[in-house]
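Quick heads-up: structures coming right below.
Same chain, two partners: subunit A is paired with subunit B first, then with subunit C.
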Partner chain A sequence: MNNIIIKNLSLMYGKKQVLKNINQKIEEKKITAIIGPSGCGKSSLLRCINRMNELIPESKVDGEILFHNKNIYAPDTDATEVRQKIGMVFQKANPFPKSIFDNVAYGLRINGTRDKKKISDIVESTLDDCGLLKEVKDRLNSSAIQLSGGQQQRLCIARALAIEPEIILMDEPCSALDPSSTFKIEELMMKLKERYTVIIVTHNMQQAARASDITGFLYMGELIEYGDTKTLFTNPKEKLTEDYISGNFG
Partner chain B sequence: MGRKTFRENMKALETEIINQGKLVNTALNLSVDALRNLDTAKAEKVIKDDSIINRKRWDIEEQCINLLATQQPVATDLRELIAVLSISTELERMGDHAEGIGKIVIMHGDKPLLKPLVDIPKMADKASDMLTRSIDAFINKDAEAAKAICNEDDKVDELYDQIYRDLLTFMIEDPMIITRGTYLLWAAHNLERIADRVTNICERIVFLVTGSMEEVKVSNY
Partner chain C sequence: MKNIFKTGSPYIWLSGGTLTISLLMIFGLLTLIMIKGLGIFWPHNITRLVMDDSSVLIGEIAKVEPIPNHKDSYRTKMKVGNRDIYGMDFRWVDNSRIISQNTPMTALTIERREWGNMYGFLKGMKRDNRIEPMSLADMKPLLKECKTIYKRIRHIEKKEIGKINYKVEKLRLALKNLERESESDNSIEEITSIKTKMEALEKLYTKDVDTLTNLYASANDNEIVIELADGREKVLPVFQIIRIYDPNHMSIYSKTRFYVLKFWEFVSAEPREANTEGGIFPAIFGTVSMVLIMSLVVTPLGVITAVFLKEYTSDNIFSRIVRISVNNLAGVPSIVFGVFGLGFFIYFIGGGIDKMFYSDTLPTPTFGTGGILWASLTLALLTVPVVVVATEEGLSSVPKSLKEASYGLGATKFETLWRVTLPQATPGILTGMILAMARAAGEVAPLMITGVVKLAPSLPIDSYSPFIHLERKFMHLGFHIYDVGFQSPNVEAALPMVYTTTLILIFTVLALNLVAIIARNKLRKKYVTSAL
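This part shows the complex of A and B:
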């Protein structure tokens, strides 16, 4: 099943072409990793999937991204609605300077949920889903800023999950984390894929190899190879992929 | 450690495999020479030197583990490392088969051979040649050569069949020679297994080059 289909997608930043005619179906309820050298367009591709790129001046998207068969770039599509269904977690954890509880409740409140009991239940269950509830249940009203880096990142994932997205985009979510926190996020991703489609951009090839089902290799804006992670890391089809993952360039 | 160092380490491992292969080939030829001449001194040397082959296998395995842990190789690099691990283990077991022939010589003692050996040395020559060329195929990453070597295992099997039939006839005719006949049969079986292990090495070479894990040749035994 595919709930994201990328068709003839190109992206320009001013005169610079960052993505070149990408065509790919993203499988539902799997973890897809996007790898490639710095500047190849990984994060740009991710940002195209929830229309974050249009916040960047002079960016221009061509082509289509179908979400449930509807182009998210169609004039009648509401970008906020897209970002609600396609959530994003960033490289650096960015909790709001509010309490742990309010961070997770934020999206619910701005989307109009007023029922306190419902908000409280969702906050607790989402924190639990992210493996954070046990660690913070006695201090839900403490500032989120006091949490460790790994906890902050899981809080940000909880915040994204609270508004019930279908797709989670993760842009280098572990690059600032220690190995223990990294493994917790990876375990969380494994759990999340039972309910969500996860797309992760990572510089860490070992992370892509151990935590994803499918891997795409992007090079100079082109999707060079895309397929089963185990195959891509043991017997890639393209020489360019082999050279990149073997550390011969990049 | 950069990729240059990784390549240098892999090169060193290839040299280790060449050296281990040479040790096994020496043990194989010496063991059959010892059997042909019932030379217990040579047999004892084969038995004693087997520990060098075993040690080499552990050294290679340790280096492979270090590279896996520190370099996390992927794609061809990973397949080559796995091939080295597997080939080294096969060579170590081939050394055990040669040692087995050495022990047979000791057990045989000073009783005369049933007959001058003809087919057993032929088996040894064939297995030795297959082994040498399989190591060359590994170094040259030559999957076609590896497949061709696998198919030559039939010749070793044919010789084994021939020896089996001959010895069986001898033993039926004269049950007094069953013990010595059985010793020779064991020796031939060790050689047959050595050739089988060469085919295992060749299958690893095919995997290393193509990424495909397949049984190139199914042994008759």
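This part shows the complex of A and C:
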């Protein structure tokens, strides 16, 4: 089933065209990886999916992104509602300078949950889902800044999960982490895909090959090839894709 | 030669040297103020000088300096006091004319309620044209008694009569209203009842005045006789004496104790004798309350402006012009703000308030004249650019990634601002507030036309409802310095007060800033974004 359908999407930053006419269908409860060389527009594409690119001044979107068959760029759609349903994890872990508990509870409180018991239940269960609970159980009220880089990134994932989105966008979540933290996050992604649709942007082709079900190759703002991960890596249809995955450029 | 410049050390020396010069100047200023200002409460020894024309002077030696163009000759500045007799407090004498100089043990310094210090010797108590000998220790109970009477008099004058006046004024206004509005039977009844109340108050007032007359009479019962330097005798009512002491006889311990008590009086008491004696408490209180009211106004104003400029407008011509204009406001001479405050706040807004709510008391203005509120608002305008600039800087320092994290969770712009950006920018905001407070506490020119007075009859906060009287005029340390130093009838005697008041002003600003700095540092620790 298709959860998100991107139709003829183009993105301009001022006069610079970043994405050209992207058409893509994202499948539900699968991990979709987007790979490509630096500056090809992978992160921009990801940010288009939950309208985060709007925060960049002078950005302009053409085309449609359908989410539950509704265009998220329609004038009557509220960006904040879109972002609640489509959560995001960033390249660099960015926990708020608040306590671990408050970090996870942030989204709940923003969205109007007042019941303290409920908040605390959700915080604990999400932290548990992310494998963080047993590491931080006795210091939920200490600052999130004191956690290690990998723990901070998992906390950011927990923070995104707490408001129960349907889709998780991950923008190179492991690029600043050591291999063992990367492994933990990948493990977590596998667990997440049982309940969520995950789209991940990555530099690391091994990671895409290892962890994703479907891969898209983006080059100079165009989606060159898109399909099953195994096929794409073993038997790419396009010459560009082959050059890229074999390391001839990029 | 070339190598020396390549090592870079000349630049280090240059920058280090400039820093040293700045620090030296600041320390020099502080040391000067401390030396001149802290000495005045110390009980100085009394010197007795016999001159070559066999005249005698007693008093404190204030200064010895060389006479210009005369080699090896000096002159002495003596504080001889007794302004009521000699006409002035200070006298210059040529050292060459001094025959002998000593410090008589029994010489006394007498601080009086009027006419400044008196220096002399205690002859005794005056009883029916006789002089009974007495010692300094005998004075103590008498002084204590007088102090009680004085306190009682002050209480009646300020509190009781003040209360009666306040009530009478209220009744008078009510009466005026009734007489103007209607002439029904009801109102006639009310008018009579008000009139009876006023009469009762009138009686109370007469009673208080009688008590006062009696108190004054009893206060002047005791009189002592003082022998002056030239042997003349002077009768002095004990009631006139605030403090009497023999500095030449005092030990270091009692001098220190005296010093501490005097200093406490200085910061806690009201001024006397056209501000040249007594304390400066109303000025400290006025300065602190003015600065606090100003910060309460300027912080929200500046922060909201900065938030709009930084978060809500994009970087276009309009916002750039606004930003430049706001920054330039900081350079406008403060007196211009004073004139604006007078015209806009006092005459326009204050006058408007008077017309709407206080029309009964017109033509006497209530808000339509200078007051602590208008002065604070004027200073708030003056300091708003400082807060705007500092807040903008604070907002810029909030990492973009944090805002994105908040937006990514579905927060609106305002929620992000309120929960993430502003808390993160608080240290910057507080920095702005600190700078604004420092600027406001030192500003005098705009205050002179918006509400500062030489002597305010009452503090802006007291025990009568509504307790905080923002329309009242107030005293200010900066203006006090100007007034005491340059407008006082007895400038020379008041000069040390100028230094001490300056010192207190500096410490007040320091204390206000310290509170804000401590708050900022605590917040900084709380909002460290990265442990790395």
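What we mean here is this: the second predicted complex is superposed on the first by the 250 of 250 C-alpha atoms of A that agree within 3 Å, B and C clash if a C-alpha of one lies under 4 Å from a C-alpha of the other, contacts with A are read in each partner's own complex, and residues count from 1 in each chain.
Here, contacts are C-beta pairs under 8 Å (C-beta built on N, C-alpha and C of every residue); 3 or more make two chains touch, one makes a residue touch a chain.
Remember, predicted model here, so these are calculated numbers, not experimental data.
With subunit A as the common reference, the superposed partners subunit B and subunit C fit together side by side.
When the two structures are aligned on the shared chain, A:Met52 is found in touch with subunit C, with no touch to subunit B. In the superposition on chain A, contact of A:Gly247 is made with subunit B only, not with subunit C. Of the two partners subunit B and subunit C, more subunit A residues are in touch with C. In the superposed model, A:Asn23 makes contact with neither subunit B nor subunit C.
Of the two partner chains placed by superposition, only subunit B is touched by A:Asn235; subunit C is not. By the touch criterion stated above, A:Pro97 is placed in contact with subunit C alone, subunit B being left untouched. Contact with neither subunit B nor subunit C is seen for A:Ser142 once the two complexes are overlaid on the shared chain. Contact with subunit B, but none with subunit C, is seen for A:Met205 once the two complexes are overlaid on the shared chain.
With chain A used as the common frame, subunit B approaches subunit C to a shortest CA-CA distance of 32 Å. On subunit A, the surface touched by subunit B in one complex and the surface touched by subunit C in the other have no residue in common.
Contact residues of subunit A toward subunit C in the complex are 50, 52, 55, 57, 80-81, 83-84, 87-88, 90, 92, 94-97, 106-107, 110-111, 143, 145-146, 156, 159-160, 163.
Partner subunit B is touched in their complex by these residues of subunit A: 205-206, 209, 233-236, 241-242, 245-248. Interface residues of subunit C facing subunit A in the complex, by the touch rule stated above, are 314-315, 399, 401-412, 415, 419-420, 424, 526-531.
Note for the complex: subunit B touches subunit A at residues 2-3, 6, 72-79, 210-211.
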